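Shared between the two complexes below is chain A, which pairs with chain B and chain C, respectively.
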Partner chain A sequence: MEKLYFFLSGFLTDFYENRFQAYPQIVKIAYAGIFISFTVTSLCYLLVYFRRVNQAYIGSKTDKWKAEIENILTGSVIQFNSEDYQQEDITEIAENLRKLPMHKYIVRQIVVNELMFLHKNFSGKVNILISSVYLLIGLDKHSRRKLKSWRWYIKAEAIEELSEFGIHEIAPHFLKYVNSKNITLSMQAQSGYLQASKTDPFIFLDYANQNLILWHQINLMEILNRKKDIEIPAFSKWFTSKNNSVVIFCIRLMVKFNQTDCVKDLIKLAHHENEEVRKEMIAAFGDMSLVDYELHLTIHFRNETLPCKIEIIKTIGKIASNDELNFLKNLLLDPEFQIRFEAAKAIRKHGEKGEMILFDLLENLSVENRDVVLHVLDSKLSA
Partner chain B sequence: MENLINSVILHYNHFIFIFAASIMLWYLVISLISIREIMLYKRKNSFIDFKKLLNSPYTPPISIIAPAFNEGKTIISNVHSLLSLQYPVFEVIIVNDGSSDSTLLKLIKEFKLQLVDFAYHTHIKTGPIRGIYKSANPAYGKLIVLDKENRKNKADALNTGINIASHPYYVCCDVDCIIDNKALLKLIKPIIDEEKQVIASGAVIRIANGCEVDQGFLVNVKAPKNFLTRIQEVEYLRSFLLGRMAWSRINGLIIVSGGIGIFEKKIAVAVGGYDTNSFGEDMEMTVRMRKHMNNLGIKYMVKYIPESLCWTEVPPNLSIFIKQRVRWTKGLVQTLLDHKKMWFNSKYGRMGCLSFPYWILYEWLAPIIEFFGILTYIYLIANSLIDFEFSIVLLVFVFSYAVMITTISIIWEEYTNQVYKTKKEIFQLMLTIFLEPFFYHPIIILAALKGNLDLLFNRQHKWGDMGRMEIDAELPAQAQTVKSNPKTNLGAQKMSPAA
Partner chain C sequence: MKKSKILVIEDESLMNRTMEFQLKKDGHEVDTAFEGKTGVSKIEANQYDLIILDIMLPYLNGLEILAKIKQNPAKKNIPVIIVSATGLEDTVLEGFKLGANDFITKPFILSEFSIRIRRLLLSN
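So, the complex of A and B:
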């Protein structure tokens, strides 16, 4: 071994002093490149190997801790889902959890994740019990520390944890991230505020100056479906917002919570400059079955863009009051295919009467329009 | 005269050197960019619960368009697999592209299909259609089968599918591909989660050869055993995880593979659909969609996600492989030449000033430059015009650098999908990298040259015959390994450039 060492060091010294230094610059660079490439490739191999080994080790440890945590929590959750619990019961659960190596970040995080899972899936007494355990073990401190991190994803995790367990006083801190350039962090801040704020959970809509993208809206809707204790304001308040995505979201919320009192404000949006807002407004009429406004839509029809016209036809089909069948019949002669097609579908949605009209029309229509009518009359296609 | 030749060759030698240095630098840059993009995707995704999309009425509905030509052997299991994808509202449009085998009959029998009076409207001009079928069984309500005359190209079949698609987004895929169950949820995510309008999005395509498949569903992922398919897996990983992720990050992506990709239907219709004369219809379409958005002055993006959502069979033998690569080269060159006005044109932003120069220099011209470079090298050695030792050092450097870059792409696979469960499989894949420059790369060069020559001399193209997976839908439900059958001659038109 010693011989090999001397041989190698001698060879390398000789190579460096007598040959390498005499090489042209480009060959020197090539040698350095070979060395770097070889080192990086070798590191990649080692990385794969150690990552796999580490994964297996961490995986087994995590599984063990998870099983222990589940063992402590699941029994209590099942028991207290039907029975009342005392403060001592909470203390006992907390004590059992404290027996775990809570000084380790990974263990604390597993406990938080498990508690979050149960908190999301249980309501009532168990929900409160889990929040109490979270606070009693001091895991809120763990989350608050994460909120101070410079990494956006750690911050986002912290917001998720603190809001899930209803730490109300921290909610105002989330507002500063509502307009973060990082859209995931801004989404977490919006959702977090909605869940954590006790006084005015929708106030973040006043602050939002960025586009409230569809994924964020879906996320917020899901929270509203899950958390029934969130105070619901009149959403027409935001119909005048300069942020069009906020207006659209609020129209959707107005429909979701069937806020018929807001309809008079909704109608004002008919002249909104943004096509998407007008389209959402029209769809809202259909979703809320506002029969009285059907005529209003037909009057607006002529001046609207094609997507809004189509939305109006769909809305009349949804309302299906029978009052606007003539309007729809006339549209079957429109030069635009999509309008003819949607008009035929809307007539069909009027039930038997609509079907009768379509059958009557079949004989007098052109071949192309007859195809449209036959299409909508085919039950396999309209299913 | 000899002096002149020597001078030209030496200058060419210098040019090759600068060219090689620039390509190596570029690969280093895209490796670094892709790290950032993949990490960002992974971190963003840790906050995603796809169940929310499943339960929301606001999740945009999707049409899946899958052209099928003589897919009788596998069509039933493949359609069942497509129908079982997780997504709230979607339709599956199978375009039977004039199959001469039992594809349509099998579909009619299995799904109890009946001809319907479909109001077919020609948004995009296509070849004649023979009929549209829907199932009498409401359980298959999502399925529409369109039978059309074969026009010898996939583009026409896709355009017909777009004409009957009723949803605002469509996913185009090869019917024989195995699609991940959550693929639609993952593909729509970038579209609804970006400030800018996302007009198209793609995902990583992986190799199904060697995997265990049961009735069109992927049961067990295994690394390909055949050397040619395994080396293609390495190439796909490098291409998708390094190349496309980096291009996605800088919003310069000009190809979303035909294997799996989601597109905004409105834009596809506005640009007149897929080009039926193109050999690389997927790339050509992406370029035209981007051009359209640039011309309108609307901010937009084309995204890629680093997840393996589609598993496809790749050519198992050399002759089929070369045919495929020749077609890809022709598609690439055709697309680049069709859009000459966009080259180095600042009006088209990054696409004109970055993507096109890259594709021209490093994808189209690189094999040609490399071929002449090898000839020059041989001449220089033969005439003792080059220091042999130094040239070997430079060659070893290029080799070790290429190995390093490809190894990094395998690392990204480890960090993102980790589809291979055993260490052995991943190390086998990594060892294959060392052989790529000797056995695989020269074939790629020759196929690219042939593609260029075919296009130059206007030689007629015959669609590459692909061996088809031996999965018989009639067999009992038991897991079976995908074996390619090089003897089957089905004339399938597979996805285009993975480069």
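So, the complex of A and C:
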């Protein structure tokens, strides 16, 4: 080893003093570049290597704790499922979990994750038991601390945990993140507020100024489906929101809860500046089968854009009251192909009467329109 | 009721173990698989009285496994219960069309799960 050291230091000294100094400036710079690149690459490799070793270590530790925690929880869940459990039983589970090194963040987090999994997948007594255990071990404090983290994903996790276990009083804190620049945190804050708030779970809609993407709307609906004892407000309250996605979401909620009292406010949206809002409003008439408002749609038709016109035709086809068949018949002469096509489909949706009209029309139609009608009447396509 | 042999195919270990514990507690013999391919090879190698299937599984999903079971003349009469987080109408209908005997949507009550299993085993 000593020999190698002397050899290397001798070689480097000789190289620097006798050769490197004699090199032209450009070669010196090239050597320096090669040396820096080599050093930086080596450091990067080392960093990646140590990170992977660390991850593997944490992974193996996690698996070990996960298996142990699963053992405790699975046994407890089954043990108390068929019996009426008492406070002592909850205490016993909590004591078993307390035997774990709960001072370690990773262990606390695995326990929370496992409890949350059980809470999400089982209903009934198990669900209440799990919430009680979470509170008794004081894991809500762990989640509350996470809410103060500067990392957005830790905050999002905290919101998910606190809302899953129904910590109602913390819900107002979630409102701070409703308009976070980080879309995941913002969606989690909205879902969390809806899930956890007891008094007014929809108030986040007052603050939300970002686009509520469709995926998020589905998640919110899913939470609503699971939430019990919730007071449903009149969703027309948000029809005046400046956020168009909130208006669209509230129209969908209005339809879901069949709020016919809100229809008067819904009609006002016919003059909304946003096309998507108007389309959703038109579709709502069909989804709620509002027969009395079919005429409104036909009057409104002339001033509408093509996508909204098509939505109106589809809605009339969905309502199929037979009152607007003449309106649809006239549309078969419209210069726009899509309108003629949708009108033929809407007539067909009126059942036997619609089919009869289409058959009667066949003789007097142009070749192109006849093809459209024959296509619509094809039973193989409509099956 | 005689001891029945049940196979649980579920990738979430906590869920798999909870169902296993519950079924054992109800007096059944339980075998488990954590992904589709192992599940199918276990079905081919053993004779089960009932199969519990999750839908979202690695390698082969629950509906694909169900189709394989129903295509196999020797196994097609084994009752199958689908346990899934997705309650989507299309998925449920697809499951029943392929021949599933029951569909349990998560979250569910464990005692209800036991009753459904017992009822299905008795009727078969």
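Please note the rule applied: the second predicted complex is superposed on the first by the 318 of 383 C-alpha atoms of A that agree within 3 Å, B and C clash if a C-alpha of one lies under 4 Å from a C-alpha of the other, contacts with A are read in each partner's own complex, and residues count from 1 in each chain.
Definition applied: a residue touches a chain if its C-beta (ideal position, glycine included) is under 8 Å from a C-beta of that chain, and two chains touch if they have at least 3 such contacts.
If you're wondering where the values come from, they're calculated on a predicted model, not measured in any experiment.
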Report task. Check whether A:184 is in contact with chain B, with chain C, with both or with neither, and answer first, second, both or neither. Result -> first
Query raised in the report: Is A:58 contacted by the first partner chain B, the second partner chain C, both or neither?
Result: neither
Requested in this report: Return the chain, chain B or chain C, that is in touch with more residues of chain A.
Outcome: B
Report task. Applying the touch criterion given at the start, work out whether A:306 contacts chain B, chain C, both or neither, answering first, second, both or neither. Result -> neither
Query raised in the report: Touching A:46 in the superposition: chain B (first), chain C (second), both, neither?
Result: neither
Report task. Tell me which partner A:8 touches in the superposition: chain B (first), chain C (second), both or neither. Result -> neither
Report task. Considering only touches as defined above, state whether A:210 meets chain B (first), chain C (second), both or neither. Result -> first
Query raised in the report: For A:356, is the partner it touches chain B (first), chain C (second), both, or none of the two (neither)?
Result: neither
Report task. Classify the contacts of A:333 with the two partner chains as first (chain B alone), second (chain C alone), both, or neither. Result -> neither
Report summary line: Interface with chain C, chain A side, in the complex: residues 66, 70, 73-75, 77-78, 81-82, 114, 117-118, 120-127
Query - Interface residues, chain A side, partner chain B - complex - result: 23-24, 26-27, 30-31, 33-34, 36-38, 40-41, 44-45, 47-49, 51-52, 152-153, 156, 160, 183-184, 187-188, 210-211, 213-215, 217-219, 221-222, 252, 337, 341, 368, 371-372, 374-378, 380-381, 383
Report summary line: Counting only contacts in the complex, chain C reaches chain A at residues 12-15, 17-18, 21-22, 25, 85, 106-112
Query raised in the report: For chain B, which residues count as touching chain A in their complex?
Result: 17, 43-44, 46-47, 52-53, 55-56, 58-60, 114, 116-121, 134-136, 138, 141, 189, 192-195, 390, 393-394, 396-397, 400-401, 403-404, 407-408, 410-411, 414, 423, 426-427, 430
